[in-house]
Amino acid sequence: MAKLVSLAEGVADLVRDGDVVALEGFTHLIPFAAGHEIIRQGRQDLTLVRMTPDVIYDQLIGMGCARRLVFSWGGNPGVGSLHRFRDAVQNSWPVPLELEEHSHAGMANRYVAGASGLPFAVLRGYTGTDLPRHTGNIKTITCPFTGEVLTAVPALRPDVTVVHAQRADRAGNVQMWGITGVQKEAVLAAHRSLVTVEEIVDELEPVPGQVVLPSWAVTAVAEVPAGAHPSYAQGYSVRDNDFYVRWDAVSRDRDTFREWMEQHVLKAEVQA
Amino acid sequence: MAKLVSLAEGVADLVRDGDVVALEGFTHLIPFAAGHEIIRQGRQDLTLVRMTPDVIYDQLIGMGCARRLVFSWGGNPGVGSLHRFRDAVQNSWPVPLELEEHSHAGMANRYVAGASGLPFAVLRGYTGTDLPRHTGNIKTITCPFTGEVLTAVPALRPDVTVVHAQRADRAGNVQMWGITGVQKEAVLAAHRSLVTVEEIVDELEPVPGQVVLPSWAVTAVAEVPAGAHPSYAQGYSVRDNDFYVRWDAVSRDRDTFREWMEQHVLKAEVQA
Amino acid sequence: MMTVAAARQLRDGTACFVGIGLPSTAANLARATHAPNLVLIYESGCLGAKPDRLPLSIGDGILADTADAVVSVPEVFNYWLQPGRIDVGFLGAAQLDRYGNINTTVIGGDYADPKVRLPGAGGAPEIAASCGEVVVVVRQSLRTFIDRVDFVTSVGYGRGPGDRERLGLRGGGPRVVITDLGILEPDPKTCELTLTRLHPGVTVEQARAATGWDLAVAGDLAAVDPPTEHELTVLRALEATKEVAAG
Amino acid sequence: MMTVAAARQLRDGTACFVGIGLPSTAANLARATHAPNLVLIYESGCLGAKPDRLPLSIGDGILADTADAVVSVPEVFNYWLQPGRIDVGFLGAAQLDRYGNINTTVIGGDYADPKVRLPGAGGAPEIAASCGEVVVVVRQSLRTFIDRVDFVTSVGYGRGPGDRERLGLRGGGPRVVITDLGILEPDPKTCELTLTRLHPGVTVEQARAATGWDLAVAGDLAAVDPPTEHELTVLRALEATKEVAAG
């Protein structure tokens, strides 16, 4: 059964230096507050996993939390490049960043294999691209029935997955809806999981399109209202598109970035 | 885009002698009316595919429609054996019935592979059982990353899948909810599909737990109220448990069975 | 008695993969008595079902209505059973051997031309492979307790110690077999099913007479506690809901 | 002009895999003009989205709210894209070669130490592999239209005829490349991108000057019809909704 914790407790208990950490949320429900708490607690040497590393990973990378990034698309969606990500790759600032690069289909299937207790997943993917040349763990596999050659990718098993959801009940059952991306798979693939939620309620009223993670499949739940800002939580908030545009200027320069993080993240009141 | 048709038209157009036909519905939403129409139209030589062949397949088999059965559990759920199925296997009556036998996990994954456009699926299954000795298409496959040996089963690609759902709209979008089993996978795995629905409505009001099949992924939709009886359609009907119990006596004897089918299926008013 | 004994095997807070019939009754009895937080998982895709009456099939609407989540059948097998998330699996058997291997496929003759064609595997092979442990519930007789099953539908301990590991089966296998005569448990060394408890009024001789192999008997053979008044009352109330629902 | 030309490529009733930015605008323009039954599929899992304003990201709430179905990201790739259910995929490019191979990964240097690190693959490799056909939308310049891309992120026609078949790619590949200068289509024999149309006011020389290889020009080179009044009105109205939504 999931424990109800504060965000600070949850991150302190579940996210450790050197861990393989996945923060998922496909544009919607991105666990920004949890990412900020990881930064505040000074985690280092992380292998960050995420299909679409965007602003939250730009912040984690720029603050030197990550040693390695496993991903399939690293940009500021609708705006352009991630400057801290680029600076880390191109100039090793503030620390070098190793890349392990996949396609979306490959990453999604790697989580599916992890959630399914299988060591690998099979897909039609990557064929003819230069990705297998640079990413070691993309292999071929032959169908034992047809002889057809397909692609295999290994399961992802993060040490800890962090996601944001709309609601949980007091027993720790988690409910999310709208675009739910790869969150269920990412949680089930992980050894431990932390879910931040907009609110904890007495009863989870069923909602069309909902994904429910039963309490016994989640490690800890923390109530963090607006924990997805500047991303959004359908039914609770809208996307702060201006923020994403402003981030471009903030993140372009190392000093401006550090200053912004200092003011808006490091000094921020820690959420209960 | 799915065509709106009558049940008789749908079966006439889409289900052909010699076809591989899957009627799915896991206890809930079993397409009984469509099965009866297949019997009325005298289809023969079918390869019937279904995870849980129950009363509807007992009827199809007893009426001599099937040459082959691909399945994982053949019984009258909550009651006992299927007498027509047993008579066909044990005594080849009315015609011999070949079996291809799997486990639920194997069948479910075979549909998933079919829906995914893959030639096979990988699972932890069958190991140590006598099933691979008698079912040709269960093989082993080695993980290219860990060397672990797992099980592979080939994709299921029925010529036609038939399912029952609660509702469709006039554009042919299909909506079902409650226990939705393997229906989405079975429809997407098939070359053609026929969906019978309790009712056709102007607008599909979203429902918690719904599965929606977009019109463009379905071949034809037929309005058949109570088309799942004696199974049920959540929100429309309850399971006719008495029927399942009575079926045991009806189906035990060949003549009683024939007579019952004559009266209740062959002579039945064909639904518009 | 089998139902009560089976219910007692279920610890509170665990997740239990439930088939219809006795397993479902036992699991709901456990939930109504000592294990209110038992998580019931039905292969129809209902996770955490909390029926207030006995379901009539694994696809009964009451299961979907009361579940924490209803998922697809592929998902219940791939995301929930296969990775070993489910603590206890309940299985029945038409035949059972001394190593807890189970047959629910064919009896007599050969596979292509059997004497009796049974329903087949269903979810059982993977439940037997992947659940943390398995509870088998079966009536004990010379017909069911036989030296070698005609068909291995679901693996217990194979041909003995080490076989599960060799096969790569990650669940623990049968922890207990509950019959109408008593309770059998695998010997920790030999994996052979050993009579460890008898139901009230049953003798070792009766158990031996209903077993098709030389039945091992535990040195500390004990009696199963008779059903308590509370267990019987709750069980009768549950059974009554079934009559009403079947109406 | 690029948006209008791209919109015109979309036939009514087809299913179209849409990324954010120009593809999304073009697809919504098509839906608002000649293709009301165009099915828009976003990789965030929204099938059949019918936004009444331009979405601001592929995960914009308006897409989920108006979709026929919202599915998981693994499902959109495995059940919908991979089996070839999607007719048209829209792709952009940082670099493009004469065979329509696309780079969105790194430019210059080598992979480990690139001059410019781009966002990477996202859904593109499998969109390029599996959609019935691909429409590429890209500004034409010597920087983007180069003889050999620095990194093949998504395969067009490989090194020429027969390569897609050899690789086992089941979709048709790039059917058309729309630029700010005109339209290129693969030669049916050589698979080489050939200039087939120019936007109003653009010359062949301009197109050649913006291409890093010896650009083939179709014998029947024609001009693209200028945007109609209706197309422009609808496009402006769509763009306006974006301003409003962005606040």
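Chains: A, B, C and D, in written order; residue numbering restarts at 1 for each.
Here is the rule we use: a contact is a pair of C-beta atoms (placed from the backbone, for glycine too) under 8 Å apart; a residue touches a chain by one contact, two chains touch by 3 or more.
These are the chains along with the protein names UniProt gives them: A, B = 3-oxoadipate--succinyl-CoA transferase subunit A; C, D = 3-oxoadipate--succinyl-CoA transferase subunit B.
Please read these numbers as outputs of a predicted model, since none were measured by experiment.
Path length between chain A and chain B in the chain contact graph, taken as the least number of steps between touching chains: 1.
Across B-D and A-D, the chain pair carrying more C-beta contacts is A-D. One inter-chain figure worth recording: chain A and chain C are separated by 40 Å, centre to centre, where each centre is the mean of the chain's CA atoms. Once the centre of each chain is set as its mean CA position, chain C and chain D turn out to be 56 Å apart. A straight line joining the Cα centres of chain A and chain D is 27 Å long. Looking at chain C, one finds that residues 78, 82, 130, 170 touch two or more other chains.
Among the residues of chain A, those in touch with two or more other chains are 117-118, 123-124, 148, 184-185, 209, 211. Chain B contributes residues 26-28, 51-52, 71-75, 77-78, 81-82, 85-86, 89-90, 101-105, 108-109, 111-112, 123-131, 133-134, 148-149, 178-182, 184-185, 209, 211, 232, 234, 238-239, 241-242, 245 to its touches with chain C in the complex. Only residues 20-21, 43-46, 56-61, 63-64, 70, 72-74, 77-78, 81-82, 105, 111-126, 129-130, 151-155, 158, 163-164, 167-170, 245-247 of chain D touch chain A when the two sit together in their complex.
Here chain C touches chain A in the complex through residues 13, 15, 37, 39, 47-48, 68-69, 78-79, 82-85, 130, 170, going by the rule given at the top.
Put simply, chain B touches chain D in their complex at residues 1, 115-118, 173, 184-185, 188, 211-217. If you check the complex, the residues on chain B that touch chain A are 117-124, 137, 139-141, 143-146, 148, 150, 152, 154, 206-210.
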